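Consider the two complexes below, in which subunit A is the common component and subunit B and subunit C are the respective partners.
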Partner chain A sequence: MISAGIDIGSITAKCVILKDNRILGYRIMRVKPDLELTAREVLKDTLEIAGIRREEIDVIIATGYGRNMVNFADKRITEISCHAMGSSFLIPNTGTVIDIGGQDSKVIAVENGKVLDFVMNDKCAAGTGRFIEVIAVALGLKIEEIGDLALRATEKLKISSTCTVFAESEVVSYLSAGEKIENIIAGVCDAIAGRIVSMASRVGIRREVVLTGGVAKNSGVRRAIEEKLGFPVKVPEEPQIVGALGAAVLGMRQV
Partner chain B sequence: MRKLNASGKMRELMASYYMLGHQAEFNAWITSGAPVELLYAMDIYPVYPENHGALIGATKLGSHYSEFSEKKGFSRDLCSYARCDIGCVFAGTSPIGGLPKPTFLFACNNICNTVVKWYEVLSRIFKVPLFVLDMPFIRKELKESHLRYVEEQLYDFIDFAEKITGRKLEDSRLKEVVLKSLEGVRLYSECLMTARNKPSPMTCFDAFVNMAPIVCLRGTDHAVSFYREMKEELDERVKKGVSAIENEKIRLLWDNIPVWYRLGWFGKFFEERNACLVADTYTNAWTGFGVLKGDDIISSMAEVYTLSYLNIGLDRTAEVINRLIELYDVDGVVMHSNRSCKPYSFGQYEIQKKLNVPAVIIEADMVDERAFSEAQIVTRLEAFLEML
Partner chain C sequence: MKIGYLCTFTPKELIHSAGFLPFRVFATDKPINRASAYIQSYACSQARGSLEFALEDDFYAFVFTRCCDTLMRLTDIFEFAGKRVHNIEFPTKIGNVEYYVRELKDFVEVLRAWGGEVNYESLMESLRLYRELEEKLKLLFSLSPDYETVIKAQQIDVRKAIELVDEKIRDAKRVEKPKVLITGSVCPYPEVYKIFIDAGFSIKDDLCTGSRFFEYKYPNFEPKDLDSALRYIAEKYMNKSPCPTKHYEGDRRFEYVLKLAEDCSAVVFLLVKFCDPHFFDYPQLKEILEGMGKKVALIELEFPVVSLEQLRTRVEALREVIE
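For the complex of A and B:
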């Protein structure tokens, strides 16, 4: 039994191929304007990595905000159900999933892989991956550098704006005031963590708390979230593929 | 979705309602939660800017008319009914050629406080008198002092209207109108209640489309005969086992004012997923306007209109929703966080926790289509249905 999960997000596309609960291969790539083509490409690449042929796949599940553009999928399931399932697959006692993606951030209350409740940000990029990208550009940094720099901060500067665009100008004014980059970044990570933890409080925080999505790779945001929660969170080895993995797991159970 | 014949009749009825407004000797612009019976009893034609706003939303011209007020400096954060209504005045027209110029204005703040400032603006534009019926907000219990305060204002209003029109309010005529109002509300409630059947013969979209008569024509024969006929049609559906949607598997309750420019879209979305929105808190709010306790009409009126759905505390609101959840036996609640309607949307996250079934919150606006983000709403609703 082989199942493929394809997660078309706002910034990246992810694909996971699963054979009898074992990951054969996965791939993460940048989304292209043609989402259908992106889905085909990410699947093709993953097939190569997994070393199998397209015909060997029994079921394909699409998820993510571009799921409805994946016409060749057998079924489409929202990223909320998929993240809940993917997290529970990797960390069986998952109680809460905090997923910070490119465009969405969401908190999902989970029990045995099933969604109990969820809450998402709305119509605003604050607290999402895009927010960090914008700030990275303003600081002339690569996105990968942000997390480690934040850990070297000596103080956290306050980013008071809840809007990405205004926060960017706040960052620029800190720069011109001669503030240290790492302290500014620590402030940015803290602002994101603050937003997501208050969102999490709405659905209720139950351990284990699993951090997924691209932003989970950012050690600065992770630490800021842990500080606010008061306990450590779990981060899967590759947090960005959890949605696609959940789709593949749900695919296994469909057939 | 199977369309109701009633909807066609409703369109004809409302077209003539709007037309006749232009011929009336006296007309008053009135808010949706005000005691319209007083106007009908004095043959003062009631004109509803809110209904007009809904109509503009349904014709997908919300942002078009809003921009007329936005250009004059009204904030985009202001209620879109208000923006459209004032916008139409500036534009000098609307999808129905504009509303007739008012003789006076009658605003009751039992639905929100925006109406006070909105009607003050209208009063300045048209240079006509405004009466504000100020309702105390009933956080917990309704007190005698609250009722006295409202009752006195109702008598003041009668004096106000009598002075402007030179007409007297006759007790017998008021009683006649109130009895018709009661009968209309009773039949209207019975229509909504047919949705208790499984499968339901109607959806909340049918309720939204057909609510105009209970709002605008409450207290007239038109509302009574319209809902009597609609009830017969719904009973017939129940008898024949005709359901509103093809395959009703999940039953849901809608909270807040509808997204007028997306009624069809929502209807299709839920039907395709075998979910039926059988009832809603909005149209159910008018089922409460038909109680006459004892002989004193004015005192009953004070009580009924003070306790309007949006004039009570969060605990009571949650109680009302839980009653509807039980009555209509729904599996979940879809809550529209309406950018326009602050009193309706405020507290939804708190109310959500007090409900006996799961709820999902989506953000949009009742009339301003610029506040609607389809992909985000689809994801929330689909995830909610997967969860159920």
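For the complex of A and C:
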């Protein structure tokens, strides 16, 4: 039994191929304007990595905001259900999933892989990967550098604006005042964590808390979230593929 | 000539009987630009979008009723923007019929000053036509809710609206699917409701663009003259589907929503950002509904609605949760 999960997100497309609950291969690539073509390409690449042929796949499930453009999928399931399932597959006692993607963030209350409740921020860039991208540009940094720099901070500067555009102005203002970049970044990570944790408290926080999505790779944001929660969170080895993995797991159960 | 109104408590029968077209004003698909010169951005987008529409379109006058704070003050803003307006003081505390009859008598004089003629016969005909429209919409919605039609029916002549609804009733088919109750103020965008249908829900609503336009308990008497016809209107509107901007004896508003939710698997609060009357009720209603075993979701909208795909994800996820 082989299942493929394809997650077309706002910035990256992910694909996971699963055989009898074992990951055969996965691939992450940038999304192109043609979402169906992106889905075909990410599947083709993953097939090569997994070393299998397209005909061997029994079921394909599409998820992510571009799921409805993946016409060749057998079924489309929202990323909410897929992240819940993917997290529970990797960390069986998952109680809460915090998914911080490129364009939105969500908190999902989970029990045995099923969604109990969820809350989403999809209107505002604050608390998403986009926020970090904007700030990275303002500071002339690569996005990968942000997390480690935050961990070297000696103090956390306060970013009080909830709006990304105004927060960027605050960052520029701190730079002009001669503040250290790592202290500014620690403040940015803290601001994101603040928004996420306040959103999470709307659905109720239950351990284990699993961090997924691209921003989960950012150690600065992760530490800031842990500080606000008061306990450690779990981060899967590859947090970006959790949605696609959940789709593949749900695919196995569909057939 | 068109007379614009925003609130479903507006006595549209009186406007119609005076020879005007009562035209419900909603936010449109166009971005809100000119209105921003008159109204702050933390007023709801229904108020801002309606002002934008009013500034662009050709209306003879506008009629307001006392409902939420924003719409009350919108009366002044419309006047400041050079529009002809009249404000009917609909009592916030439901019950004082005599007071409201006096307000309606004043309104009749305003309509006459605007060149309309209100008499017993014309008012009775308008009352009959609107009741026919309301009862037909109720039938249509019991078969298959049609938001495009109910929204259009509020912006065309009542006779044409009845014909339109008749046509829709002929083709309407009841579909049995898990029910969702959508509660909130207004949502004049049919594409939003379509997302719920596409996700596999059948819809019940407690919305001012939906059932709150046509759900009434009609008075139990036949008006004999103009004064008693005005009393009929007063009683009809005091017994319409309850709205959170009003104060009712007991818990009529909550009882109404909870009764509607009884046979629904999920309840969606489809709320316009900054709509205080609805947001004030939300925490308590949510708690009671969850206690009844309903899945509850809050979806905040801002007009014009742009991010339909994000909305689709929330609605589809809710559908998956109740599966």
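Just so it is clear, the second predicted complex is superposed on the first by the 254 of 255 C-alpha atoms of A that agree within 3 Å, B and C clash if a C-alpha of one lies under 4 Å from a C-alpha of the other, contacts with A are read in each partner's own complex, and residues count from 1 in each chain.
The definition used in the following text is that contacts are C-beta pairs under 8 Å (C-beta built on N, C-alpha and C of every residue); 3 or more make two chains touch, one makes a residue touch a chain.
Just so you know, these numbers come straight off a predicted model, no measurement behind them.
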{"item": "Superposed partners subunit B and subunit C on subunit A - clash or fit", "value": "clash"}
{"item": "Touching partner for A:Leu141 - first (subunit B), second (subunit C), both, neither", "value": "neither"}
{"item": "Touching partner for A:Val172 - first (subunit B), second (subunit C), both, neither", "value": "neither"}
{"item": "A:Ser81 touches, of subunit B and subunit C: first, second, both or neither?", "value": "both"}
{"item": "Touching partner for A:Tyr65 - first (subunit B), second (subunit C), both, neither", "value": "both"}
{"item": "A:Val115 touches, of subunit B and subunit C: first, second, both or neither?", "value": "both"}
{"item": "Subunit B and subunit C footprints on subunit A, overlapping residues", "value": "65, 68, 77-81, 104, 114-118, 120, 122-123"}
{"item": "Subunit A to subunit B touching residues, read off their complex", "value": "65, 68, 77-81, 104, 114-120, 122-123, 202"}
{"item": "Subunit B residues within the subunit A interface of the complex", "value": "349, 358, 361, 363, 373, 375-376, 378-380, 382-383, 386-387"}
{"item": "Residue numbers on subunit A that touch subunit C, as the complex places them", "value": "65, 68, 77-81, 104, 114-118, 120, 122-123"}
{"item": "Subunit A partner contacts - residues on subunit C that touch it in the complex", "value": "295, 300, 302, 307, 309-310, 312-314, 316-317, 320-321"}
